[in-house]
Amino acid sequence: MTAAVLEVENLRMEFRAPRNAGGRRVQAVRDVSLEVQEGEILGLVGETGSGKTTVGKCVVRLLRPTAGSIRFMGEDITAMPSSQLRPLRSRIQMVFQDPYSSLDPRMTVSQIVAEPLRAHGTHSRREAAGLVRRTVERVGLSQQVLDRYPNELSGGQRQRVGLARALVLEPRLLIADEPVSALDVSVRAGILNLLVDLQRTMGFSCLFITHDLSVAEFLCDRVAVMYLGEIVEVGTRDEVFGAARHPYTRSLLGAAPLADPVEQRSRQRAILPGEPPSAIDPPPGCSLNPRCPLADRRCTEEAPGPTQVSEGGHVVRCHRVQEQLDLEVARS
Amino acid sequence: MAELLSVQDLQVRLFDRLGVVVAVRDVSLSVEEGEVVALVGESGCGKSVTALALLRLLPPDAQISGRVTFQGRDLLQLPLKELRAIRGRDIAMVFQEPMTSLNPSFTIGNQIGEVLRLHKGLRGQQARERASELLSLVRIGSPEQRLRAYPHQLSGGMRQRAMIAMALACDPKLLILDEPTTALDVTTQAQILDIVRDLRQRLGMSILLITHDLGVVADLADRVAVMYAGSKVEDAEVHRLFAAPRHPYTAGLLRALPRRGRRAGDAQERLLEIPGLVPVLRDLPDACAFAPRCPRSQDDCSNQHPGLAPCEADHRVACLHPEPIVAGAHP
Amino acid sequence: MTIATLPGAEPTIALTQPSRQGWWRRFRRRPPAVIGLAGVVIVVLVALLAPLLAHYSPTVSQFGQVLRAPLSPGHILGTDELGRDELSRLIYGSQSTLEVGVLATLLAMVVAIPIGIASGYYRGPIDMVAMRITDVVLAFPFLLIAVGLAAIFGPSLQNIIVALGVAQLPGSIRIARAEAMALREQDFVQAAIVTGVRDRVILFRHLFPNMLSPLLVQASVSIPAAILGSALLSYLGLGVQPPTPSWGNMLASAQTYLYNDPWIAIFPGIAIFLTTLSFNLLGDGLRDLFDPSMR
């Protein structure tokens, strides 16, 4: 049994809604519990507005959660004051989606990568310079970029710099928020390979946020699927991509087009109708019920609890799946 | 099948702050009646400019040369007045930015009505009925109500549907879709792709589909043209292109793609990386633009610009040293 | 499935990006901005080189030469009611005029930037207090502040500068605050927070340098405003005190002679007009230059 690096329990995050919504609140994250084990990559997938980034920002404490708890290496950081949090910050790092806004345009690459080292004052100037150089090399950049400014680099190169900044302190946990979404296919491949290599050699754990299922399948050991601020299904890669149970997960898997005309044209697709409701007033009961082909009365009234599908931790929140499972158990 | 649109040696030079941009270099294309042709390539390779050039929608200082024949007439030579009659009626386009191509201060109904009035002379009740018919065509529920909505009251997916509905207003023969699903979620994307597939079957129009998403291409296209740095590098029937790409760039793209079933944990699976950067589209030398990044490049690649040449039936490639033919890969 | 990996670290081809000289090229392409810059440079040079440029002392009267018309021998722009050379007074007047404009703006910036950054970055109570203060300042017309200060401390140059500086505060605080708020949401600042960089360092290293451009634009608007303000104060007798010439007090003392000898009002009027215009043109040019959407 490996230890959990990150444990999130019943996380809830509300924002004040925009003016015209009548003082109600945006329920960006409603009830999220997840664990990231030592050395694992957990994928957090879901569509726009499902609350993935908000979960990530709560974990790195850029946001203070409305409710719930976040534990990092056993320590509760949910409401930790920033002075106490500071030393821990060297162990949790984040990579951002936008390669353009995530680097200070007025700093050189070496200053950017050195910043975490300076912030924690753990290294002498000379050590720091050496470490910066090694880290930049490690992310596949040549030494020549050290004195460049971000606007002299391509999107892929910038994302590597962002990765170097996040990894220079050798964190235990990396939150990667859509780090390849803004990149072209040919550049994306390089970053994904790099992430795999670095994770293997450095052994950090990773919460990898993405809306791209094939990226999640390529990279992640386990995958959690989010819909409207909740995790509706979580399981190992094989369970989620090979034996998904939740209607939403199944629809997502069917909706993502395969880059192969033969397969793509021959497969059965059952795509959910409609669009996700607003996070300001989510529907009562199961959040998927207005769009779900399986929904019955219970689904509109009562929110489903977690149902264990397998011993290994394949969990689904769906009344209908639960009923099916109960039936199967009864039969055997 | 008859050829509906034929583009020959299209060349587009644009001017920006730093000088000339050769955004499109000698691109030839052909779209037959009822055919879906996909134009794919990475960001900045000239896909949108190509489409805009067909309809002469580029800034006035753009230099366009070549021939664009649509139903026997050269669109590049046509007087502007006649071209205007073709735009929107025979050839409709859905632009890349759904947000900026709808006017925020008019309702959807007003905007569709305007097109109907302009090209079909429909007004009042007639126009309203046709407009709501169009919205149902793109599966927008309670269309009468939606006609009264302003663009900002609709979600991204709804706006994209409204755009498509507007493009369909005059039963165009050719529909140009520029990245119709790029800004959308997969579920919404699948819904839109479904609509387009269905429309095409029902209305039999030709579609020029611009996208960078190979999944979308695999889903919809009959034929695929791959662009790189302003040039068309490969052109083939869709199954053929995916099964047996001949240009190293196309092959590289396909292998760089994380796909379902590919897993980093399995047998040291890695994605193929295409090293280097997309070249800047200024003073490109007379050489293969992909050569500096190409694993198959040889000396001669850097001293001549390979033209597009047939390599097999219905398959053309612009490469001096194309990928070997994959045995048994024929669909 | 095994797949070959092409060897290849990321290359280091620099993208063609606007460099520092590109800046100048872009700036040069805006004639109004270039004219503005030229005007500002000329005024500054005149102020610095006043002793070399002026043939007469600005304060010494030549009796018998009172109110000479322009183009009279020895006095190209004529003389004023006390027989002082108008051109020389204009030249020296640029000194105190610019001094007031620049120092008042500088003062406003020095006070406003820390307040604005802190309230934009921390929001919350600090922001509330800062916003209330600017509201209060805005509620008092700056003339009232200036009159008050002058009444209490006497109309010295420092007090004029302080009064005009205080008048500029709300605008500058708001700009600094808006910039800080926008920058705080930028990923690079969020990244610094996540990394554990201290707030102090974030404010100095990330926020401040990145808001210099808009602040420079603000300064180029604020200097001419202060110049106009000081001219206004001169009318009330609270501006730069005679005999030290300033364009404002030249204009003010010309009032009485406006009917018969209008030139002694026209010349300082033109000087003020052209100087403020130059600063404003320069400001617009800078704003365009820094605006990313104009690139």
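Per-chain residue numbering starts at 1, and chain names A, B and C are given in the order in which the chains are listed.
Basically, a residue touches a chain if its C-beta (ideal position, glycine included) is under 8 Å from a C-beta of that chain, and two chains touch if they have at least 3 such contacts.
Predicted model, so just to flag it, every value in this text is computed and none were measured.
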item	value
Each chain counted as touching chain B and chain C at once	A
From chain C, the most remote chain by mean C-alpha position	B
Centre distance in Å when chain B and chain C are each reduced to the mean of their C-alpha atoms	51
Between chain C and chain A, distance of the C-alpha-averaged centres to the nearest whole Å	48
Distance from the mean Cα position of chain B to that of chain A, given in whole angstrom	32
Multi-chain contact residues (two or more partners), chain A	154, 156, 190, 193
Multi-chain contact residues (two or more partners), chain B	252, 262, 269-275, 277
Residues within chain C bordering two or more other chains	5, 8-10, 15
Of chain A, residues touching chain C in the complex	57, 60, 62, 85-87, 89-90, 92-94, 96-98, 101-107, 115-116, 118-120, 140-142, 144-145, 148, 151-154, 156-157, 160, 162, 165, 169, 190, 193
Footprint of chain B on chain A - complex, ascending	47-48, 154, 156, 184-186, 188-190, 192-193, 196, 211-215, 217-219, 221, 237, 241, 251-252, 254-265, 269, 271-273, 275
List of chain B residues in touch with chain A within their complex	42-43, 155, 157-158, 185-191, 193-194, 212-219, 221, 238-239, 242-243, 252-254, 256-265, 269-275, 277-278, 331
In the complex, chain C residues that touch chain A	5, 8-10, 12, 14-15, 17, 186-188, 190-198, 201, 205-206, 209-210
